[in-house]
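First, the structure itself, so that you have it in front of you.
Per-chain numbering from 1; labels A, B, C and D assigned in written order.
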Amino acid sequence: MIVHLRPNISQVQAEKLAHESQAILIRKNRNYVLVTSSKVQELPTVLSEAAMEYWAFPNDLQLGSRSYHSSTRAINLGSITIGGDSMNTVLMTGPCSVESEEQLESSAQLCVELGIKVLRGGAYKPRTSPYSFQGLGLEGLRLLAKMRDRYDLQIISEVRDATHVEAVIEHVDIIQIGAKAMYDQGILRRCGQVRKPVLIKRGFGSTLQEFVQAAEFVLSGGNEQVILCERGIRTFETNTRFTLDLCGVAYLKANCNLPVVLDPSHAMGHAYGVPDLTRACVALGVDGLLIESHPDPRKALSDAAQQLDYDSFRSLYKSLDPVAASVGRTIV
Amino acid sequence: MIVHLRPNISQVQAEKLAHESQAILIRKNRNYVLVTSSKVQELPTVLSEAAMEYWAFPNDLQLGSRSYHSSTRAINLGSITIGGDSMNTVLMTGPCSVESEEQLESSAQLCVELGIKVLRGGAYKPRTSPYSFQGLGLEGLRLLAKMRDRYDLQIISEVRDATHVEAVIEHVDIIQIGAKAMYDQGILRRCGQVRKPVLIKRGFGSTLQEFVQAAEFVLSGGNEQVILCERGIRTFETNTRFTLDLCGVAYLKANCNLPVVLDPSHAMGHAYGVPDLTRACVALGVDGLLIESHPDPRKALSDAAQQLDYDSFRSLYKSLDPVAASVGRTIV
Amino acid sequence: MIVHLRPNISQVQAEKLAHESQAILIRKNRNYVLVTSSKVQELPTVLSEAAMEYWAFPNDLQLGSRSYHSSTRAINLGSITIGGDSMNTVLMTGPCSVESEEQLESSAQLCVELGIKVLRGGAYKPRTSPYSFQGLGLEGLRLLAKMRDRYDLQIISEVRDATHVEAVIEHVDIIQIGAKAMYDQGILRRCGQVRKPVLIKRGFGSTLQEFVQAAEFVLSGGNEQVILCERGIRTFETNTRFTLDLCGVAYLKANCNLPVVLDPSHAMGHAYGVPDLTRACVALGVDGLLIESHPDPRKALSDAAQQLDYDSFRSLYKSLDPVAASVGRTIV
Amino acid sequence: MIVHLRPNISQVQAEKLAHESQAILIRKNRNYVLVTSSKVQELPTVLSEAAMEYWAFPNDLQLGSRSYHSSTRAINLGSITIGGDSMNTVLMTGPCSVESEEQLESSAQLCVELGIKVLRGGAYKPRTSPYSFQGLGLEGLRLLAKMRDRYDLQIISEVRDATHVEAVIEHVDIIQIGAKAMYDQGILRRCGQVRKPVLIKRGFGSTLQEFVQAAEFVLSGGNEQVILCERGIRTFETNTRFTLDLCGVAYLKANCNLPVVLDPSHAMGHAYGVPDLTRACVALGVDGLLIESHPDPRKALSDAAQQLDYDSFRSLYKSLDPVAASVGRTIV
């Protein structure tokens, strides 16, 4: 249950009420909001006087629910908006892994060339084997930050685990929580305290309910700038790397008030299917897209098969405007 | 391996060669084609003189493979074409189950109103419980045939099991093999002998490889008019009925020469997500769509949650032309 | 809802009541039983006078439910019993496919040597490719019947589709409905009319609920001799062929009154894991086991990797008695 | 590839060789071991003189592979051994969450009563919702440590994320890495540096290959005391919480040299199936078992449905000795 407390409630009182009702306390501007478990269906007596307005829910999708806040939340990424009433489909591209300054600069230049505002690149790679390339780490973050300053781009990069969450927060504009870290409370709770956009990728073995509840960790920490990213779930099918769950996206669009970004590159795992899937995502009406591109995919140090070369990316990019227009959206 | 025999080979000789090479024999116009297991990678000596041309394959996707026949096969559905170089996206709609003449006639009239050429309706329903409505059976087929004659529509309906395959073949224009019957050789082999289009739905627990091999049963029987239909696979996610596998469709488009139709209604299982998913499918560049609609979904005897009412369907229909145009396709 | 009608109700009356309450009518000895959808939770008024006893259910597991009939049903397989209060774990072995009389006779002799009463062998193989070995068909059934007569064994073989269901019914002692045919109503309904044991394999993409509902098709047809067989479900894991669902078996044991047989060979897909899994199944307290064995697995025409050679099978067999005894069961 | 360097190689030389061959360096007693990616199939020239012995592998299961070290590694848990040639099946029990000293003491006393040496209890709970009970944290660890001292038990508890890994390492005897943290390199790498046993639970969406590679992170850090724990994977089946993957365990036993522990409580999610599954696991020949028990499961603050009450646990415990004996094992 979400309870908006009356404006005259002091911080001390709010904390006491939160404790008595086993609720999480959030300060929203000058007001206080309590969130209890969704098992609470009737307003607790202890809150009856202090409550101004309240909402009960069928499950723990609460702050992110459209029955609490019906329109999609707007999040500012530099000069552009994702979600809200923007009707934007925000493109984000760049290599799977930051490999060198030269490589990353070519990506930044591609963004500038096409008018793309968000550059992605992995610095801390969540590889499943200790014997694979693990990413450049802090050095990768610094290269990303350099490109932001040099080319006026927004930077998104992934936190792999809680040990380097501060470094990522410091260097990026959008904090990405990777699919394998979706349940990581060390990261989620820390991201609830910052005031930067957080993009959470759905774990490939995670239900939609768990996915939106991961967002609730950040939202209930007080950070309202949360973006959801579907990137494919693991199924029995092996001809593709994962299975992009567009039915799940339709569910999120209908039930959740957070912007939704799609990552067809990781889902497909093969460059050849990415253009078709990207156009499908645009027509579905998603708020953004993460597409991997690389100056020379054959030489990529990770996920070589799924990254688009620049010519393919340019050609894909050109095809998106009419699709977006056909559903009343704009590619930015 | 597919082997095209020289034109001068007689039927007797062809049968002998088929027997000696453990191959399936297909007559194609006046020529003969042999198909062996794909484990055969070198032309068998016994065929060395009779072979005109041959193709080896990495697996048993052979007659349906783009490396055998690179362009999408064209199939005529009455006055319209699906696949080939048509760039058509063929709409098929109608109720989940045929329930009455009045209900079906309203569906037929909706098709006529919108210019849709293919009417769907289930007569033999593959329900998982014996205690549910099982469909009208032969009476349902007769109602469908009546609508074809009255409104000049193409009829598609499902074979549930081999016991009534003849009745379905007799009454419909497109024979649908349902997801639960995808492995049914009694149906598949019989459909290989007829000269009507066959639409095979992917089993919800079936791999893409098994799916295309189901088509190979029909193709190797001599019937080249096979359409594949993706309708969602079963995954761990339960907020939607199934998970529409668009990555799999991207795979099929790249590797298989058969037209691909999508059924977002069964995948989603809820009417609210169907319009978004349908637009996504159109932008993906599929050859056709099966969308369930019903004059009053709340009263439907099966799959009530997922059928669109007519106003929603009209509204969806109107939105599709611009999406199709944006990817160079036409809704028919 | 299951309704037992009063003993004085005539067939004509029973049929009228079945029609009026949209129920399936079963004759049980001299009495009549009606089964409606489980959505019926209150006794229909039309049945209030004729009903002697009735049971409501939370779902369509009705005739097979322990809340209707609490003890496991006993089924006679020749001289032995499966289920009931027998505490038997019935072994069934033989090759994946019947390949020749010599091969099958060696299997029959292995059964005799070890005191195993049930010989399995596939005649109509549900291969997923038309280019693989498809089984000997009727010839395979005849060889199985010959072994029954020669060695006094019970024979189990699979129906692949409805086109040859009569041939299988005629030749075998236990009719096996394969995993790929679990939804096949042509087979299920026909098996409801016969008076022979039917073993239904769970589809690898089928829920437990659908599995028990497949049994309801047979039970509601009037055949009470149904055995359930878990043989592995399809998951994301590919190092093993399928995933044997022992949690599901625990569910079936607790909720369903039908004997449960396990098939670890198909689940594992590799001979090396079969002995460990078999012992696990015995300790779980299952009613029977289907284990594939072959005189020379390397030469098997289907499923070569998963069949045990005879020495491995003998060694496994010897290890089972103590495990069975440790849970109060007997291997027969 | 694993390369054992000659005994006369100094640390400086070893580090140089590791750098040149892009290998991880492990000190083993006084000798050095290098591990490269398994893509390296031929001994690198740079190592040709320094190498004493080396092993190539088909994938990144290397240090944990039976083709490197054929027998199961032995790990000492206080006075008892898990794995090695012990033939022990080590029982570990206790509540899902540590809730109070009284509750935990009753668990410790149950262990003492039955001769069980390992007490489990969750302090940092990886709940999927921020609005659920999150565990007692450090206070929970302290209660566990108190029970160890008071009752001479080994303590196992879970690290949820990297922020509290030091606290867990300090207080427990066996560090548990939970299913949701299986990919967490912050935890895995830290555990590679300690000299305490580490039990890694398989992620419910993780392949066996990823599972053993998680162990490689710890092993390649120099900690050889790694235990694998299968606790159920996520599949389409919803009548049970997860699906216990015994086929996967058979695979691990055959291919991996680490002891394997099973957790049927989390897999089943319902107490009623746990006894049957536990006996199945014992007969499969596993090295240990994690079974949840609680003085009053109905009042448990987490996972109430799956915890056994003490009478059920005692009754289960008594049934295990004969099953273990039947496969040559001993319950400890």
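Criterion: a contact is a pair of C-beta atoms (placed from the backbone, for glycine too) under 8 Å apart; a residue touches a chain by one contact, two chains touch by 3 or more.
Just so we're clear, the structure is a prediction, and the values are computed from it rather than from any experiment.
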Among A-B, A-C or B-D, which pair gives essentially the same interface as C-D, with more than half of the residue-number contact pairs in common?
A-B
Pick the pair with more C-beta contacts: A-B or B-C?
A-B
Intercentroid distance (Cα basis), chain C paired with chain A, Å:
48
Roughly how far is chain B from chain C, going centre to centre by Cα mean, in whole Å?
32
From the mean C-alpha coordinate of chain A to that of chain B, what's the distance rounded to whole Å?
37
Multi-chain contacts in chain B, i.e. residues touching at least two other chains, fall at 205, 209, 234-236, 238
Quick check: in the complex, which residue numbers of chain B touch chain C?
24, 35-38, 60, 62, 126, 128-132, 160-164, 180-181, 183-187, 203-206, 209-210, 213-214, 216-217, 220, 234
Flag every residue of chain D that touches chain B in the complex, lowest number first.
234-236, 238
If you look only at chain D, which of its residues touch chain C in the complex?
205, 207-209, 232-233, 235-251, 253-254, 267-268, 272-273, 276-277, 279-285, 319, 322-323, 325-327
